[in-house]
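Here come two complexes built around subunit A, the first alongside subunit B, the second alongside subunit C.
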Partner chain A sequence: MRNAYPVRAPNLASRVLNGEAIIMNPADSTLFTLNETATVIWLAADGTRTLREIVETEVCTQFEVDPETAILEAEEFAASLAGHSILRFAAGTKGQE
Partner chain B sequence: MASLIDRVSRKAREECVPLGLHLDLTWRCNERCIHCYLDHDDAAELSLDEIRGLLNQCADAGVFFLTLSGGEIFLRRDLRAIVAHARERGFDIKLKTNAILITEADTAWIRDYGVHRVQISIYSHRAETHDAITKVPGSLARSLAAIRMLRDSGVHVAIACVLMRPNFRDFSGVRTLAAELGAEFTIDPTITPHLNGDRSILGLNIGRDELASLFRDETLVGDAAAFCAPPPPVDADVLDGVPCSAGHTSCYISPHGDVYPCVQFPLSCGNVRQTPFMEIWRHSARLREVRAIRARDLSICSSCGHVGTCSRCPGLAFMEGSMYGPSAADCEKTFIRTGIPTGNMRRNAEGRSQPAGPLVQIGLAGSQHRTQRGFE
Partner chain C sequence: MVDATFPVNILIGGTPVRVVSSDEVFARMIAGQYAGFTAAEAGEAVEVDVTLTDASLPFDGDADEDLAVHNESGIWIMRRGDFSARYDPVRRSCTVRQNANRYSIDSVIRIIHTLTLAPGHGFLLHAASAIRAGRALILAGPSGAGKTTMASLAPRDVRLLSDEVSYIRKCGSGFTASGTPFTGELGRAGENVSAPVAALYFLHHAAENRIERLADAEAARLLMRNILFFACDPGLVSRVFDLACEFISAVPASRLFFVPDERIWERIR
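Up next, the complex of A and B:
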């Protein structure tokens, strides 16, 4: 999954309050809140960078975190959001692992 | 989910973020409902460009929950463009409409823009009653046709039924109809005074016995014994509490750009044509005054045993005379719910003057921000 290109699902409502995102999926009225680290990944998930690239260029530069730990947690986070259909992986990626 | 919303709301209040906005796009309407509190003039509505600019400001200010209402919003030919812009700016979008102008083509873009919910007013399952309230023959049939189209397109629909004397006996029929249509169902037995000050429409309010029957209907309130229970003792936390979200985390903007704490709280705090929204939100002296009010500051309610559980609407209190005073309408509701007179009622019974207007309104859930199970 770390080499996949995450992209936010279309037509979600989202807002960032004091560094933390709130997201509403109108399809099932589910509300999500993300912490600051997850919000950085969420905002960067526009389908142009792999999850690994996002972690390296955004998360590791803004937070004091071990890179390998960060990528493992990012994979877990991305899988969770994908399970709720609010994050997808763009076509033509290097492969969804 | 409720606790998550509570957490987000608490954070918004701490940060003074206007999390919710009720924006009336027009006061024009193609129905003439007998209980409506609006004037239907079309003078100087915000233009599409003005609304886009306003939505940009509101998104930047942190507004998340956006309700587009009226009047009848589908009378605006630019509604689709407004919703498209709202989607682009990431709002959670709710539309309030009578739906009689909605076409199949509309249902497609409503779905495609990810509108969270379309709330449609239905007053009765019987055309003679519904159409008599809207004063538009055939309106029920047209609204129901739109609901079916929306449902078939995958759009969430909520049926809102304002209860009043002419349709009180029909609410269970509307509820059954909503279930058949796969729609949510809410009732609201609150009639609001007309914005021009005319209180005559309050005579449409349902009576005490009827309201009492609603308060004891467990399909509406859940555990009726708990819902109608005497209030717990008042403590410091209660007295330090805020009356409701109006002006704290939500506000209302009229079609002409006037900013109020709530659609039911006509305290003008500024106009977005003259002043940027965020400047009004942060610096309006009136909004700051509203935000500063705590339960302990209320002139009569602070010493009332119901202060922690009463549905007192500060907007109704304002319309009755003072936003620091009681809302006689809510005192009445609390009394009907619990059987225990409020401090204000005792005071009046002792012959002391009533600071507010006449006791003419009976209602429930005075603000959209005080949602109780089954009620809005």
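Up next, the complex of A and C:
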């Protein structure tokens, strides 16, 4: 998963309030709130960088975290969001699903 | 022969609704239900034309049918076990079929308000609200959280807006709360007045009085859970979500843990 390209699902409503994202799927009104670290990953998930790249260039530069621990937590977080269909993964070519 | 009609103009939160029926007794009941919120003139009101079915017979729908609100070619279709209605937001007209009871028309009026407010103005909130020293305090929570308890404990200098459903409208960079006739267990309509919203509290019964400030994202999530919105429409749901986030950015939100006695009002002045 760390070498896949995360991309936010379309048609979601989201806002960042004081550094923490709240995301809603308008189709069923389900709501998710993210902590600051998860919000950084969420905002960077545009399909152009792998999860590893996002953690290295965004998370590790903004938060004092061990890189390998950060990767593992990011994988867990990304899998959780993917399970709720609000994050998708593109494998291979950058920017493509 | 001329068929008589009996209009009742209802003005809640500055949004006029005119309920029209051909039954004088029903009209009087409606006027009594919304006492304090009726007006001689209603201007550009939403016209709600009520056709009463035979009160001695059960409504022709399934009595246990849950509320469903959906849009068909621009017309909002509302249906529940005790009524059916069609609301045209462009023509600002609504037709309702129901028995001569106060609960069905009350639901229709609440739904019309949510649909009227959602495109950009505000929302109805499952919350008690009150004005103190010119500032509105919102006390939100699901049934059993303590809305009616807090309303019943309010001291004399507090003007109650509602113990059940609060009317929130965007006003410049802030929000105002207005009184509503939508009552909970207290059974007493709010005052027909408005004030800028100063604080939002989510109610929790507790062994001691305590206030905990909420992070904005969590507050927005809790707020969304308490907004009354009935329509299955992703576009409007997104708009309500945006408004809820704007509200949280403008109004401090906290959890209010309280013991049910009057001392709690000393904490939320």
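By our rule, the second predicted complex is superposed on the first by the 90 of 97 C-alpha atoms of A that agree within 3 Å, B and C clash if a C-alpha of one lies under 4 Å from a C-alpha of the other, contacts with A are read in each partner's own complex, and residues count from 1 in each chain.
In this text, a residue touches a chain if its C-beta (ideal position, glycine included) is under 8 Å from a C-beta of that chain, and two chains touch if they have at least 3 such contacts.
Because the structure is predicted, anything quoted here is derived from the model rather than measured.
Of the two partner chains, both subunit B and subunit C are touched by A:Ile22. Legend: residue contacts after superposition of the two complexes on their common chain; A:Pro10 is shown touching subunit B, with no touch to subunit C. In the superposition on chain A, contact is made by A:Thr30 with subunit B only, not with subunit C.
When the shared chain is aligned, no partner comes close enough to touch A:Thr57: not subunit B, not subunit C.
By the touch criterion defined above, A:Thr48 lies against neither subunit B nor subunit C after alignment on the C-alpha atoms of chain A. Subunit A uses residues 11, 13, 15, 17-18, 20, 22, 24, 26-27, 29, 31, 33 to touch subunit B in one structure and subunit C in the other. The part of subunit B that touches subunit A in the complex is made up of residues 1, 4-5, 7-8, 11-12, 15, 17, 59, 62-64, 87, 90-93, 112-117, 156. By the touch criterion given at the top, residues 215-218, 220-221, 224-225, 234-235, 237-238, 241-242, 245, 248-249 of subunit C touch subunit A in their complex. Chain contact summary for the complex, subunit A toward subunit B: residues 10-15, 17-18, 20, 22, 24, 26-27, 29-31, 33.
Residue ranges on subunit A touching subunit C, taken from their complex, read 11, 13, 15, 17-18, 20-22, 24, 26-27, 29, 31, 33-34.
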